[in-house]
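Dropping the structure in here first, questions after.
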Amino acid sequence: MESANLVGFGAVFLVAVALAARVLAAGTVSLAKGFFYTDALSALVVLLTASVALVCATYSIGYLRDDQQSGALGDDASGEQIAQLRMYYTLTPLFVFSMLFMAVANNLGVMWAAMEITTLVSVFLVTFYGKVTSLEAAWKYAIIGGVGLSMALFGTLVAYYAGRGLTGSAALSGLNWSVLAQHAAQLDKTSMRLAFVLVLMGYGTKAGLAPMHTWKPDAYSEAPVPSAAILSSALLNCALYCLIRFYILTSRCLGAEYPGRLLLLFGLLSMGVSVPFVLVQKNFRRLLAYSTIDHAGIMAIALGLGGALGNLGLMLHMTFHTIAKSLLFLSAGNVSQHFRTDLFSKIKGGVMRAMPLTGIVLFMAMLAIIGMPPFSLFQSEFLIVRAAIDSGHIFTGVLFILFGTGVFAGALVHVGGMILGPSGDTEMAGRRPWRDGSLLALASALVVIGFWVPAPLLELVRQAARVVSGQ
Amino acid sequence: MTHVLDLQFGDRIVTLMAALVLVLQIAMVTQRWIVIHIRIFAAQSFFLAMIAATIAWFNHAPHLYVAAALTLAVKVVLVPLLFERLVKRMEIHEEIEPIVNGPLSVVIAGGLTLVGYVVAESFYRPDEPGLGHNALAVAVSLFLIGFFTMINRRKALTQVLALLSLENGLFLAAISLTYGMPMIVELGIFFDVLVAAMVLGILVYRIRETFESVDVSRLRRLRG
Amino acid sequence: MMERLIENAAQLFLLLALAPLVTGVIRTLKARLQTRRGPGILQPYRDLGKLFGKGMVIPETASWIFAATPWVVFFSTVLAGLMIPMVAAEAPLGLFGGVLAVIYLLGLSRFFLALSGMDSGSSFGGLGSSREMTISALAEPAMMLAIFTVAIGAGSTSLTEIAGAAIGQHWRFLAPAQMFAFAALGLVLIAETGRIPVDNPATHLELTMIHEAMILEYSGPYLALIEWAASIKQLVLMTLLINCFWPFGLQPTWFGFGALQGIGWLLAKLLLLSCAIVLLETVNAKMRLFRVPELLAVAFTLGSLALVSTFLF
Amino acid sequence: MIAELFLSGIIVWLTGAMASLVLWRQPATARRVGCGAALAGSLLVLMGSAAAIFSGRCTEINLPFGNPVFSWAIRMDPLSAFFNVTLAALAAAVSLYSFGYLRPMEGRRNLGAFGFFFNLLLLSLALVFSASNAFFFLVVWEVMALTAYCLISFEHDEKEARSAGVLFLIMSHAGTGLLLIAFLVLSSASGSLEFSSFHLLASRLSPLQQGSVFLLFLFGFGVKAGLVPVHIWLPKAHPVAPSNVSALMSGIVIKAGIYGMARVFFDFYGPPPLWMGTLVLGLGVASALLGVLYALMEHDLKCLLAWHSIENIGIILMGFGAAMMFRSLGYANLAALALIAALYHTFNHAMFKGLLFLGAGSVVQATHTRNMERMGGLVRHMPVTALCFLVGAVAISGLPPLNGFVSEWLTYQALLAGFGTTHSLTRLMFPIAGSLLALTAALAAACFVKAFAIPFLALPRSEEAADAQEVSFPMRAGMVVLVLGCVALGLGATWFVRVFDPITQQALGVRASSALVMARGWALSPGATHGGTISTAGIALFFLLAGAAFALPLAMRWRRRSVSGPAWDCGLPGLTADNEYTATAFSKPLRMIFSALYRPRREIQAEYEVSPYYPSAIRFESEIEPTFEKHLYDPVRQWIMAVANRMKGIQAGSINLYLAYIFITLILLLLFGVRA
């Protein structure tokens, strides 16, 4: 199963790269009579998803083996373990597949359906360990996600209604992005207003924008680490992807003002909400979850600010955040597996001593995620704040900085306190090729990308930004 | 048999049934027995199917028959059966105490209906012929009331039911606004609803297993 | 160039010769005022001579700082002395520095004196150093304010300039600003030279002494150097005071008959100032150490009054 | 040529960092490589930037890395070059010192990592001083903070090292936030991030923007510089770092804040409104006075030095403030004088504070304690260290003829000249500031009498002090280099002021040095027509001649007549260390006089056996109140934490509640969001 997974994800990754190349060459790619439609934006999302999936697949091999030994998967005799593993290795590809499908689907309804499937699948990944808490987390995730997605569906539907004049209602193409995007200007204004609100709240729930964010800390802290990493980086991108699609429609129909203001509202709210929880957090995987909420807010703000700068910042941030956050989750996973706890109070410090590589990587990733140069997230956040101030949203910019500093302080105090210091009596960690390998790969990517973004990737990002700003 | 082709007539019928659906939804808000709750849901779904069929008949939108049939199959037969079995399996038919008491919740439901109309009002276009425009109002109200029921319930199963009734609202909106979505999308959506119902059912069952109850208000370990 | 050397030599001689005399005069006057006979005006010379003749005891615990200090103190005081106008308005070493340099050179000597006080390791030395540094630190702002007032009047910190600016106008010192500044500087002078009511140069009473406590371990030639430097410092500060505020009889140059006249004026003014000091010392008792800040606060207030009044009038 | 030297220095640092990181398994090699690279790089950068100053031109270099979205470019104008010279001069000495200082750490600490961060710190500093656009500046600025943090928390087994590091990084990041906003406001006005496009730009903004941008910059840079009231991290962070790092931190890292202010106040701003200069002058006075007053109460040698950094930053800011006021009043020459005073003091402080921290490092290494009360008598065992420390002490106390005196004298002259420049009440600021500067200097002298006498003189107060050994050769060499620096800057003042001509030319359009130098380079004058003069060289010459002519021969003669005996011990059986005056006792009078500020708390516990007249043991402890923490920072922090804790109720775990959030939001948006 392991090897099958690995090979599969490797293949998917290659396909994704090929797709990105095609898109860079051709601009847009569409297949199956326009059922599949890919522009730079979807190509970027696909690429990021595929790469995260590959790394996590590599990591999860070592991770699950460790779980097997430690008996976290139930006893081997009664075949529980093998059942668990089978479940994991079936669900994860399904999960990733539905995300990729979502990204390349042309039809907004199909996009929605794929999104729903990601939820249903990931619910089972959250219940993976079958603990009391994981069930609770799964329940909250399922219910809130379900509500959110039904709102999104409602929105999609209203959007369809808004476009009914232009296209045959029965025809499949009525919900096709490629069609709607062309006639965006003629869409029915009032319906689009309603549609955007519903969609924003719906996909915002998946993206974890406050106040729909409440399921996130629970799900992330209960899911197995690789799944949590995918959830927090790739799935976030996908949810934002859906939002962006509708944002484009709405802004072309109503002008950027209306959706922009709503997005800024939710974005600032999410950033603000995440601050106190980071400051007084006791559990480091929940802390990471709140940081993801924070970053969802940041990207929503970037989208809301719009403009060339804002959109470029958004796409760069999406890319950088995917790398840094998945690295952060994976290294944190090492820690929680080694120390058998997620609580700061249990880990007095000394991670750097007990597990040097993980400690350093975790510290790097944490610094990157809280926007410390030379790591690249600073660049995108710089762009976003610049976009805010250039477009006269001084207040937004100031709040952005303020909340950013709050998260910085909290994360630094907690995670720093966990990593540094004397290691006490915890035993040194052994060598873990699978996990260390994937960590090192991601970490080097994180460092390199801070100084040098490969030209094709940068070009892809720029084109994606252009898709959003609509030139 | 002329009036059978009369849009006016069709509109009346649709509106009437929509009203019935709404009433059932409010009834669900106050309902205290799970089994009956399920049955009400079934009935509601049945009327939805009927609405779909009517619209299909009067607007000559054949694919809505499919939608109607699917609704019948999934929401009137399959899901209720599934849930009733679940209820039997877990022998939970004891009363469920809502967070907001009955009368007040009915009042709230009424208020939400009002909101529904306020929202739908901006969509009302007398110039356009066609039926069930005020069905949108009902749809939004269904959605909101279903949502409210989810907040109001403590039992996992009833939350699921509320979620499904909320999706009924969506369905109503779909058929009345746009005479249904593109076929493939509809299929996808029905499939999703089915899967969602099953997933949630399984979750409810496992929660029952681990917590010895399905009281979600006890699921409060994860905080902060 | 040659003139410069002569000027310097002359003023150097004057400093070295005059300083003990001033001390002697003050002591005698004081004694007379207290109806004692007193040791006689020339006693300080005798003391110095005797001390230079004696051997000395170096504490075992002391380091080279102890040996270096007397020289640093002596030289920096003398250098400061060469930077002020005594007889001629032109300070012989005016080029090397103005009033700021004078203050900081005295600061240098104080710094090393305090170090040597701590060097021997006896608790008196530490006590003296601590008090000396505290008091001088508190005296500093008042002194600087007064100096600024004068310097602003002259538009320069060069003492030559200051004295030169004062020369023409004999009654300028009646201006309120000048008066306040004079009073402030006078108080500072008392604090700096360790006179009653701040310190008692005559006492070796353990708990009250300040300056004496610092040099308690010194003996023989080193003690002589320090004592001499102390009296030179006193002379320097007094001259600074009088020549900045009443430059009567300051000569344009050191040469010719005028010089004698200038010296005469200088002596007269010093005598006057000494009388004032003696009076002050006799009518006052020594203050407790923690009353001294109040005195210096008064000085500071006077200094700022001086400033404000240059601003007003 | 300039570019090549500078870049090669940068590259040497970079490779040194990487190499020592790779070699971390062989401590000795890592140490040699790390320090060697640091030294070589410093020398190269020193040459390059010195050449840049004298060329007076502006060198532009585009760095090869970076991505197309942002440009990573270097622009070295005289101001940058000056700060780079300061950096390189200090860094050379410190790296020389580190050869010896790090050796005992071999095997106990990861010297590879140390070399990595040490070189990176130097690298980022050099780039901070010469970044050509706001983005690159902020990046290297934060990298500098980050590496500094890693070096502060290098010995992260000690709790205080960790907490101090975190405090430093958080405060500096908050400061960076202010800078970010300020820079972006400028860039939105100019449409570009290039510093060259900001030239005189700030003065064209609306008064409100101008003022707020100014305040943002002032406090954003002030955090790094240790400006009161945002200084609280400094006395915590500098002492816990390894001493060679402390030397860099106090010597040059806080100067990054000064550089930023200089860049903003004299490049981005034209003649600023008067209140800005007044504010800077006032804050300078406050920093200087509070810095020295708190320094006096410290018994931890390195804390004491750290507080003095705040004091000296204050003195530098006085110069800046005066210069800004002169600018707004239209006196270019006086502005040049004040600016020269400030920058001169910047360089001086780098020299003597670096020297003092290196000295303190040697002492701490020899005695294994930072507490002065446990030292004493070190002058015998460590003569070289003692002499170096004494020179540093004299220099920082502003006593002639060393460099501290020169820059303070220039500051006095500037302040004195200020009185005549205006007729408004503000002119009283100048003499008041001057007199407070005098107070500061005098208190500093008092403080350094303590700081030298207690550790180095009299009897050792502990075993460690008693058998301390002189430090290794490289350490002594490093200190001696800085001693020479202090002396040269003191005696060569009239030569050194010429260095500032390109800077004042660039900032204020005047070349002041010709007016400042008098008497064929022997004397320095404030440039006014009959300002006073000063000749440190002359003073030094006088001391030399007099010493040679009288002191030496006479001392020889008297030595024959001198015997050595015990010091007066009041008749007690022999003088012991217990009889000595302690640091606490030394600063007691000031503690009582300024008790309104210190709020001292003292506690005396005595145990008696027979009668209350014969205590068998007495325990005395006295501490002063950290005013700013207690009244400014703690309340804010506690408030934030209280709010945060209350907000945890949001995530109370009830799914009904969570759904309610979404529901209410939805209703609100439907009612108010949708309907146009």
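Letters A, B, C and D name the chains as they come in the text, with residue numbers starting at 1 for each one.
Simple rule for what comes next: contacts are C-beta pairs under 8 Å (C-beta built on N, C-alpha and C of every residue); 3 or more make two chains touch, one makes a residue touch a chain.
These numbers were taken from a predicted model, which means no experiment stands behind them.
The leading chain pair by number of C-beta pairs in contact is C-D.
Averaging Cα coordinates per chain places chain A and chain B 32 Å apart.
Averaging C-alpha coordinates per chain places the centre of chain B 70 Å away from that of chain D. Rounded to whole angstrom, the centroid-to-centroid distance between chain C and chain D, based on C-alpha atoms, equals 35 Å. For this pair, chain A with chain D, the centres built from the Cα atoms lie 44 Å apart. With touch defined as above, residues shared between interfaces to two or more other chains in chain D number as follows: 648, 651, 655, 659, 662, 666, 670, 674-675.
Counting partner chains per residue, chain C has no residue touching two or more of them. For chain A, residues touching at least two other chains, in rising order: 139-140, 143, 147, 190, 194, 217, 277, 280. Each chain pair that touches appears in this list: A-B, A-D, B-D, C-D. The touching residues of chain D, when paired with chain C in their complex, are 377, 379-380, 394, 397-400, 405, 409, 412-413, 416, 419-420, 425, 427-428, 431-432, 434-439, 441-443, 445-446, 448-449, 452-454, 456-459, 518-519, 522-523, 528, 530-535, 538-539, 542-543, 546-547, 550-551, 554-555, 558, 561-570, 575, 577, 579-581, 585-590, 592-593.
The part of chain B that touches chain D in the complex is made up of residues 99, 112, 115, 118-119, 122, 140, 144, 147-148, 150-154, 159, 216-217, 219-224. Contacts from chain D toward chain A in the complex involve residues 65-70, 135, 138-140, 142-143, 146, 153, 156-157, 159, 162, 166, 169-170, 173-174, 177-178, 180-181, 184-185, 187-188, 640-641, 643-645, 647-648, 650-651, 655, 658-659, 661-662, 665-666, 669-670, 673-676. Within the complex formed with chain A, the chain B residues making contact are 61, 63, 119, 122-123, 143, 147, 150, 156, 159, 163, 166-167, 169-170, 173-174, 177-185, 188-189, 191-192, 195-196, 199-200, 203, 206-207, 210-211, 216, 219-222, 224. The residues of chain C lying in touch with chain D in their complex are 54-65, 67, 71-72, 75-76, 78-79, 93-101, 103-105, 107-108, 110-111, 114-115, 118-127, 129-131, 133-134, 136-145, 148-149, 151-152, 154-159, 161, 206, 216-217, 220-222, 289-290, 293, 300, 303-304, 307-308, 311.
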